[in-house]
Amino acid sequence: MFAYIIKRLLWLIPVVIGVSLILFGIMQLVPGNPAAIMLGTNATPAAIKALNEKFGFNEPFHIRYFLMLKNFITGELDSIYYGDEVINIISNRLIPTIELGLLSLIIAVLVAIPTGVIAAVKKNSLFDLISMFIATIGISVPAFFTGIIFIYIFSVYFPFFPSSGYGGRIWTLSGLRHLVLPAFALSTVMIASTSRITRSSMLDIMKEDYLVTARSKGVAEKVIILKHAFRNALIPIITNIGNQLAMMFGGAILIESVFAWPGVGRLAVSAVEARDQPLVFGSILILSILFVLVNLLVDIIYVFINPQISYK
Amino acid sequence: MKKKIILFILLVIQIYISYQNWLVEGKIWSSLEYKFATAFSVLLIVLLLLLLFKKSIFLKFKENALYAKMFKEFNKGYGGKIAVVMLALIFYAAFMAPFIAPYSPTKIDYSNMTYSAPSLEHWFGTDDFGRDMFSRVLYGARIALGVGFSAVLVNASLGVSLGLLAGYYGGKADMIIMRLVEIWNSIPFILLALAIISALGTGIFNIIIAVGITGLINFSRLTRSIVFQIKEKEYVTSAKALGASDLRILYNHILPNSISSLIVLGTLRIGISILVVAGLSFLGLGIQPPTAAWGTMLNRGQEYLIQAPWMSIFPGLAIIITVLSFNLLGDALRDALDPRQLD
Amino acid sequence: MKNKFLVLLLVSLFMVSVFSAVQAQEKVTEEFVMGIEDEVSNLDPGETTISVNERVASLIFDGLVRYGKANKIVPGIAKDWTISENEMEYTFELREGVLFHNGQELTAEDVEYTYQRILNPEYGSGLRAKIESIKSIEVIDDYTIKFTLNEPYAPFMLGMTFGIIPKEYAEKIGNEELGRNPIGTGPFKLEEWSPGNQIVLSAYQDYWDKVPNIKKLVIRSIPESATQAMELRSGGIDFGVNLDVGQLESFRNNPDFKVKTAAGAGINFLGFNFDMAPTNERKFREAVLQAVPFDQMIPQIFGILGERAYSMLPPTLWPEEREYLKENAVGFDPEAAAQKFEELKAAGVIPEDYVARVYVSNSRPNQVKTAEAMVTALNQAGLRAEVKAMEFGTMWDMLGRGEIGMFFLRFVSDPDPDYWLYRFFKSDGSLNRAFYENDQVDQWLEKARSISNQAEREDLYQKVLRKVLIEDLVFHPLAHSNQIYVMQDEVQELNPGNSLIIPLVTPTANVYKE
């Protein structure tokens, strides 16, 4: 297990190199000169030239790539727009992003799995129909629209929560209150898809022979469902959560914009807009690493749940 | 009998609409959108006529055992049926928009550029330029379906080719291709699409490319795993032994066997593509105005959410219903085609 | 009788003073939250060419002079100044006892350091262009400083509004750190900066002018205008600056909110490329302008956010030329336009497969809407056209390379015509994105910046405006963008007026909540 984790962590190295090359390549194609954008309509050619030299944009491609990668790893990469080290800027935003992502994940699991299990057990009941109907709609709504509607309902119409912004760390009351709406908005897609998968895999498992045998032996229904069926149904559920993570990372970027959340996703979007190449490079790279790590986490949980699989 | 009456009514409606447009208003062949609508209309009329008077030619399908089984499976739940009806309506709207939209989707009355609530005259109200929302939503179906299908086509052709190569050749090729796809996948797709559109510029074609080349992993992983399963089958090994070329084996044996799973995945991906395009509109990089596109309309509607909620509700509903239908269809197809049994 | 009158006067004076004292106490506002449209990235007053940075920095830093009522220059840290006969020497007399937030007193040394730093080309400040004419800076004593120019430069005084930084502190911590831990002499000092989220400022109790009523100022960056509107509604912010027309409408008829507008300094305009066919044809440009009912569209699209413009210069700025420009502007005439397009097509000026692309920045919703309506009108007049809404960065780059035929831009600058016209219409002007070249115009512009006789300058600028806007149709002004403030009803004394600052503490106002 330990060796497996090390191996997966080593996998980060090619990811960093690959992603950075892709990003760097795309950023070369993107028209727009960061200095010109930074100076805006007030720029003079001389000022643009000075800034370009300051940031070394006149060097050839490969030199700049290695310079950027080296500086990123050593933490010396400077953002153009912020005039600060990329590492500093990102580390400020990383915690809000992780908080948002984790809470959404937790909400999704806590809401979706019980819903799915109950829906499966009481198949074709009113609860089943309604919850699955809502879930199907849930995966069909654009994330930013959910966000705006949430703000309107839960902050303006019924003033329960603050509309936007970051209120502090998650363990403070203000922080938690600010986090609730964006986290729920972000988790809708995950809730919807996870509860659907939970239901269908529970239904599949409950048809299996060994459960029928257990039932005929007189094992209590509750025990059958929770101990046998659910445990086996968890594997496809976790696979699905892993697959949904990419969607969630994408959604988080939109949600962060809607809720003025100071996260890495919003940072990356504004970095692309400002053509702040070092920051685009840094922020997207960090998001990619985060993505790989979360996937690793899902895989580890996978092993714990399914002892038959062992990684060597 | 009941079925026949319904078909007959549909036929009459379709002929009436065509008559109105072709003969009264002279919209037949003058522009691309009319060409599409005319062709679609003719096709529909022929289909309805055949269903009414010469149903026997459809029997062949029904007699096919595989088809019959699939049909039965598909009809089990409500989801699939609802999806088919909804999608039929959406497709109808998409093709027939120039014939059935009561107003032009782009024309502006410059003396009265303001929104108005839904009324008998404007069923979905008008937007802040005074344009009829109903017409715009109808026209929007064309963009949504067009972009959704094309993006998935790009996505599938790239993903499937990579998956085929990886699965068929296996070993090092497999490892390298799949690792590259994984690396590609670890960049959040919205950001990737954003960067690509920034690089290429806006425009429908560029949006299709940007959405099409993100998220390749789904298609390639699926294809690869199917190829792995089929490769070991006897008929493939024997074909190989007989000296069939790689391309031939891929084309003759592997592709046909994976098609049903690919259709299911493709159906689900269309919904996702429509959502991604809407998300890009939110970031200001969607379909360019004045083209009526749902994502752009929804984003514009946000500004008027309080005073003119219909400006966001109707395009929003259109997106939700379309994506929902594709998801339901995908689910139903999954049950019907049952890709897990590959024999 | 006389005594009685005196007593009455004294009593009333006393009462007034007591009353105002009471009132003054009531004005103290513990916390004031405002929303801005972008994220503050750097508060170094020498690097603040980004609008939000500049505005927030204006709360922390003070300049030698500042903007007063109607954007007139009034004394700031400098209590007085003299300008020599030949208009090349400016001598400023500083106030004594002006303290930086760290308790140090501001002296002429700090002023010299501030300006030398910006002038240093290696520092690469975007503000440098405004003060390039400085030949030397001389510290005469602690409270007197003299600037000598190379040549007379009429808009020089506007460069004296730059925020003064403390020399000792700045040298110690360096430029980068200064942008994050700014120390100035302004009415507010930085308390806490949570990047991407909010900036917390507190009132500076030793401020040399009036101490702010607002004790704690929270500046939150909320990029989505829809979110900002929701925040105002839910009471999350007291004051917002970034709302679109649709949202503004819903606040205007709401008694819980005040919507205040002021003629802003920005101009939205349509530009043509003179280096590219067919936009280099005057007939084509005229046909485009005739095809689109700008007069009808603009008021409906911009609403209170803008006012139909006929001049490139804001209404608050001289010369007064609007009437002439309005009367002689190209009017709406779709038939004439359609006919011209036909003729141009027949003559081969408009190629067979030509699609007129109107470029616009996607961060300006009103411009996108105008482009949308314009394209619709062009299509109706028989010219195939489409909107290209893109990120400003991409568009700006393409503009610089001359790849764009028709474009919308918005421009804001300081109140002197030179800042506007010279950059746009001089052959080598830094913003001459039309690639317009005209010797006569060049001469007028050169001359106008070197003299300071107001009447003569007005005359020259009038000539320039008539030539470029009426005769040559280089740009077509669309709308002056108004400055709109939306605030909760209890906010007092907050008035828009100058888009370069946040007017919380100005010579004429000291904002508070009731």
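Order as written gives the chain letters A, B and C; numbering starts at 1 within each chain.
Everything that follows uses one rule, which is that a residue touches a chain if its C-beta (ideal position, glycine included) is under 8 Å from a C-beta of that chain, and two chains touch if they have at least 3 such contacts.
On a predicted model such as this, the values are computed, not experimentally measured, just so you know.
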Where are there more C-beta contacts: A-C or B-C? A-C
Closest chain to the protein's overall Cα mean, using per-chain Cα means, please. A
Just the number, please: Cα centre separation of subunit A and subunit B in whole Å. 27
Roughly how far is subunit A from subunit C, going centre to centre by Cα mean, in whole Å? 39
How many angstrom between the C-alpha centroids of subunit C and subunit B? 47
Could you check subunit C for residues that touch two or more other chains and list them? 226, 363, 391, 393-394
Pull out every residue in subunit A that's touching 2 or more other chains. 30-32, 148, 152, 257, 272
Shared-contact residues (touching 2 or more other chains) in subunit B: 198, 302, 305
Along subunit A, where are the residues that touch subunit C in the complex? 30-34, 36-47, 50-51, 54, 81-84, 89, 92-93, 96, 148, 151-152, 155-156, 159, 162-166, 257-260, 262-263, 266-267, 270, 272-275
Subunit B residues touching subunit C - in the complex, by the definition given at the top: 106-108, 110-111, 113-114, 128-129, 198, 201-203, 284-285, 288-290, 302-308
In the complex, go through subunit B and note every residue touching subunit A. 79, 179-180, 182-192, 194-196, 198-200, 215, 217, 271-272, 275-276, 278-279, 282-283, 295, 298-299, 302, 305, 312, 316, 319-321, 323-324, 327-328
Hey, which residues of subunit A end up touching subunit B in the complex? 14-15, 18-19, 22-23, 26-27, 29-32, 136-137, 139-145, 148, 152, 246-247, 249-250, 252-254, 257, 265, 268-269, 272, 280, 284, 287-288, 291-292
Complex contact set, residues of subunit C against subunit A: 39, 41-42, 44, 47, 49-51, 121-122, 124-126, 128-129, 175-176, 179-180, 194-198, 220-224, 226-227, 230-231, 233-236, 363, 391-394, 396-398, 400, 409-413, 430-431
